[in-house]
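One chain, subunit A, appears in both complexes that follow, with subunit B as partner in the first and subunit C in the second.
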Partner chain A sequence: MKVTIEVNGSEVSDEVEDRTLLVHFIRDNAGLTATNVGCDTTSCGACTVLLDGESVKSCTILAAQADGHAVTTLEGLSGEGELHPVQRAFRDQHGLQCGFCTPGMIMASVSLLAHNPKPTREEVRHGLEGNLCRCTGYHNIVNAVVDASGQEVGR
Partner chain B sequence: MSIVGTRVVRVEDGTLITAGGTYVEDLREEALAGAAHAVFVRSPLAHARITGIDTSAALAAPGVLAVFTASDVDLPAQPAGPVPQPWLADGVVRYVGEPVALVLTERRYQLADAAELVDVDYDPLPAVASIEAALAGETVVHAELDGNVAQANGLAPDGFDDNAFDGCEVVVEQTIVNQRVAPAPLEARGSACAWTAEGRLTCWLSTQNPQIARMSVAAALGIGEDEVRIVAPDVGGGFGAKIGADPEAVLLAWASRAAGRPVRWAETRSENLTAMTHGRAQRNTVTIGGRRDGTVEVVRLDVVQDAGAYPRALFLPTLTELMAPGVYRFPRVETGSRGVVTTTTPVAAYRGAGRPEATAAIERGMDLFAAEIGMDPAEVRRVNFIRPDQFPYRTPTGATYDSGEYAAALDKVLAAAGYDELRAEQAARRSAGEVIALGLGIAAYVEITGGDAGGESGRIDIHRDGSVTAYTGSSPHGQGLATSLAMLLSDQLGVPMDRITVRHGDTDEVPRGIGTFGSRSLQLGGSAVRQAADEVLARAAGLAAELVEAAPDDIELDRENGQWRVRGAPAGPAITWARLAEHAGDDALSAGVWFSEGTPTFPFGAHLAVVEVDTQTGKVELRRLVALDDAGPVVNPLAFEGQRHGGLGQGSAQALLEVMSYDEDGNPTTATLADYSFISATELPDFELVDMETPTTRNPLGVKGIGEAATIGSTPAVHNAVVDALSHLGVRHLDMPTTPLRVWQALARARKES
Partner chain C sequence: MIPARFTYLRAASVDEAVAMLGQYGDEAKVLAGGHSLLPLMKLRLAAPGVLVDITPLDGLRQVRQEGGDIVIGALSRFHDLHGDPVLAEHAPLLAHVAGEVGDQQVRHRGTIGGSLVHADPAADLSAAVLACDGALVVSGPQGRREIPAAEFFLGPFTTPLEPDELLTEIRVPARAGTGWGFEKFRRRAIDWAIVGVAVTGTSVSLINMAGTPVRATATERALAEGASLADAAALAAEGTSPVEEPHASTEYRRHLARVLTARALERAAG
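After this line comes the complex of A and B, so read on.
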């Protein structure tokens, strides 16, 4: 079937198998590989993107379901030469190590902050429960989200 | 001021936070254009005879290019272990997840359909799904082994001295299950292979050790190492389970040659949880004998390692034996280990690899000993610590610890945590009969890093524009080593960070190397780069001396400005690196070295965990984790703390939640991330880090490894805290993971017994 999705502001239109997952459309048809696949049970959140501004796990949505909608991935988060506050905070707070969970973690954090601009550390932990990281023990990820929200990071 | 020791944000991050890394699945190389996709058909049974494989339906399916089974594979036997695993199962399968066939298709979405159509007939055999079943020996997994014991080492099981504990006032004994866990790096395994027309192979591989992988791939395929190029692109975590090249990676290279086209493979998560090697999986019996004043006189550790179906890493129980004495000056320690085979996924290295198991045994044991004599667990440890004046300290098991301040480490942690106040709060809660019990868990640990004694390569080139490229045989994958090495070089050469590039992971660029495991990278890889830079500095001094017509001894490097000058003549002529490189000509300011320390280093630390346990539901909440991890001087505190955080997270995960479990028939019951309790942000607290730096003399940087240390300390600290929370209710021990069910059962048992 033919699917048309606005990915990071550009329209991507392609003929795909009906069962094509959104994450594979993003990676293979739109050619944007930041969005990773980390599991097959919607557990890890590595594939998190924004669909019409809301965070979704793109391994759990068919490309067909996103037809006619707008998707934002990590690549579309910042403009040329500038970082989104969440990206900057992940770097400054060392909120990533191997980087594999990072695109999904950053997108989930962007969504979290859109709903709750000044979260407590506890709220950040709960907000990111659906995004798994094996490297950081989450400590610096929490720091990064608190930092991105403009609040003081008490280490 | 030196950049070393300051918090430098990572050079690695720029791309990772904007475009994402380039992991194997992300590669869009020209050489991989038109690559076939691969899937392994894996055994659904733990133990069975294969009575037939019909590939005809699969071969007829859309897009299927090839289906390979054991009889197609013409590779020599795998080199690892006493009973090598066939590349594809040959007649018998011995664990759920064992590769049986390899299918290649044109497109990714055809893989699962085609794999379904490979029709394998199995005749089930009895499973051997636990250490107990293996030792019982009713079913033998490999006819070529004597029973199911693949390796016996030290005194186990019959060589222990029956009279070892005679004369001890107190003897405690406990069998402790160090449960099987899944390493579960967030990027599962993957590789991609392409051959040139001339017969040269490139493998992009998610590995911790490209050079080691090249050796295995070349040996298996029967071609020279220079005919193989391994590239580790960005690697999404390894934790020991991506050491070298797994059999799947070798098979993929073979299949690519057989099929005559590039091939790529991406493991699924559910496949990963059963088919990638697991970690831990030991059953350890610790016996401690001593006096009522807290002095321990004799320790015995009897290790049984579940090696899985095909033993690959029987060094694990041996390492556990080596580290059995922990941080204590026990006069007598006797150890033994057995590695047994079961019809389960093979077990290999996982963050700590043999050392966490030793620490868990002795630290749980010390708590049991303390409880038996009614002494505070901190005090029992103080009585037995190796003293600072005893280093270098040779243990009864044959390790020589380089340096340590064990008592100071514990005291600092207890002070930072407010130990006495916490004990008072615990007593108050207990006397008030509160439902939520408070538990404090201590672990003091020593760990061995760079223990493989294999050395590492380092090379630096100073270019004509004054920029620097460093090449390391280490293969970092999240540790931030590129930043740390650039910091060291910036400091040593007086060149700004942004003029230094660190290269790694491509065997064409870095032909010699060992890679990243065993927390070896900074101490060996860092020291190698340091030594290479030293050689260049020595040569540069001579060349600069020529240019300013002075004696080499009178020349010095102004590191602030990256210029060579005559000593004591700040206004005199200054020679930049660029000028020097121009003058020196090609290769004159390059040096490559192989650094070998010869002996490992021994980081150490102390952790205190504070838990709250709901004594009605069994639910454990980890409230605090206060950790001191001393690995000598810190190059980049940001990366150093990151390594500790990760270790604390994974160690806590094992103590609280994670277990890879099998039913009696050998079926894995935690084979997806929906079932496996991978720890999340809500289950961990903010970590509290306490700093101490005790250098080693065993390398020029004075550093020890930090990659695994915090895992080793935190697991028994959290475990001990849970038991401590329940001790007043009659619970003496319960095994990890301390899930609500386990805790509730332990409480119910204790109530019944009292």
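After this line comes the complex of A and C, so read on.
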């Protein structure tokens, strides 16, 4: 079937199999590879993108279901040469180790902050339950989200 | 993992969805949020030949009050329900439980209707709707029919829905000001409940203590007869049939049911 998805503000149209998952459309058809396939079972959150502004796991959505909708990936968060405030905070707070989970963590954090601009540390942990970091670097990830929200980073 | 091949159809109305289901019968499955169905398909535990996508039916994504009932569209997502002011006032148990399902991303996509129809005995909302004395409204070629939640869950992943019927609404009695409690025990944040308890007023439902969500009838009877919360909670596992699994024995589950029921009853009373 033909699928047209607005990816980071640009329309991407392609003929795909009905069973194509959104994450594969993003990586293979739109050519954007920041979005990782991690567990592929709706657990780890590495494939998190925004669909119509809400964080979703793109391994568990058909490209066909996103037809006519808008997707934002990590690549679409900021302009040329700039960092989004959440990206900047992840860098400043060393909120990553190997970096594999980072795109998903950042997209989930952006969505979390959109709903709750000043989360407590506990609320950050609850909001990021759907994202796993195999380096177990959660402490600095929480620091990064608190920092991005403009709050003092308590340790 | 990629699902086996299927044909994707998109329904533009309830009637069209029902007609598509009628045409393909057992071969077809309804696709809503997809967060139960697509994982099964990726694991090849399900391989429907046709998916009927009802995601675009926005009319089924709303909560409204109708007389003494709260009517929840089947396509309402967990995130919608968690933040819904009507639900928060008149069925606060459901609003709370919707915020405890899965994780943020799952709640943005998963639907209450999909969860109920999937009929997993470990599902949070099935037990909550059962505790609320809810009813499920389904549309089929013969029109609409209403099935009480108490008659909807027949066994693990088994409901009385016909292949050409579509769940469209969930109705629960409006009960503003009713005390409620919800507890679930799981190993990790996003795991299914090993055991859970949903309480509203003096109605008590158990998660994962049988092949379906069940009412803790002995506890409810004791409460009606004036027993203390602790004494009533001690009866929570009566008549249940929890499964034996490597990470939770039958006896451990019975213990959890008693402890969690006590906590949920205290929360509801407080």
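Methods note: the second predicted complex is superposed on the first by the 153 of 155 C-alpha atoms of A that agree within 3 Å, B and C clash if a C-alpha of one lies under 4 Å from a C-alpha of the other, contacts with A are read in each partner's own complex, and residues count from 1 in each chain.
What we mean here is this: a contact is a pair of C-beta atoms (placed from the backbone, for glycine too) under 8 Å apart; a residue touches a chain by one contact, two chains touch by 3 or more.
Note that the structure is a prediction, hence the values are computed from the model and not measured.
Undergrad: So in the superposed three-chain picture, is A:62 touching just subunit B, just subunit C, both, or none of them (first/second/both/neither)?
TA: In the superposition, A:62 contacts subunit C only.
Undergrad: Which of the two partners, first being subunit B and second being subunit C, lies in contact with A:111: first, second, both, or neither?
TA: After superposition on chain A, A:111 lies in contact with subunit C alone.
Undergrad: If we overlay the two complexes on their shared chain A, which of subunit B and subunit C does A:129 touch? Say first, second, both or neither.
TA: After superposing on A, A:129 lies in contact with both subunit B and subunit C.
Undergrad: Report the partner of subunit A that touches more of its residues: subunit B or subunit C.
TA: Looking at subunit B versus subunit C, the one contacting more residues of subunit A is B.
Undergrad: One more residue to check, A:92. First (subunit B), second (subunit C), both or neither?
TA: first
Undergrad: Should A:40 be classified as contacting the first partner (subunit B), the second (subunit C), both, or neither?
TA: The answer is both, since A:40 touches subunit B and subunit C.
Undergrad: Give one of first, second, both or neither to describe whether A:139 is in contact with subunit B, with subunit C, with both, or with none.
TA: first
Undergrad: Counting only touches as set out at the top, which of subunit B and subunit C does A:17 meet: first, second, both, neither?
TA: In the superposition, A:17 touches subunit B and subunit C alike.
Undergrad: So which positions on subunit A get touched by both subunit B and subunit C?
TA: Looking at subunit A, the two contact sets intersect at 17, 19-20, 24, 40-43, 126, 128-131.
Undergrad: Help me check something: in the complex, which residues belonging to subunit C touch subunit A?
TA: 1-8, 10, 31, 34-35, 38-39, 42, 51, 53, 55, 79, 102-106, 108-109, 189-190
Undergrad: Across the complex, what residues on subunit A touch subunit B?
TA: Checking each residue of subunit A against subunit B gives 17, 19-20, 24, 27, 31, 33-44, 46, 74-75, 77-78, 83, 87, 90-92, 94, 96-103, 106, 121, 124-126, 128-142.
Undergrad: Provide the residue numbers of subunit B that touch subunit A in the complex, in ascending order.
TA: Within the complex, subunit B touches subunit A at residues 9-10, 12-14, 16-23, 25-26, 28, 108-109, 184-188, 234-237, 239, 266, 268-270, 477-480, 638-639, 641-642, 645-650, 652, 672-674, 678, 680-682, 684, 686-687.
Undergrad: In the complex of these two chains, what residues of subunit A are touching subunit C?
TA: These residues of subunit A touch subunit C: 1, 17-21, 24, 40-43, 45, 48, 51, 54-57, 60-62, 64-65, 108, 111-112, 126-131.
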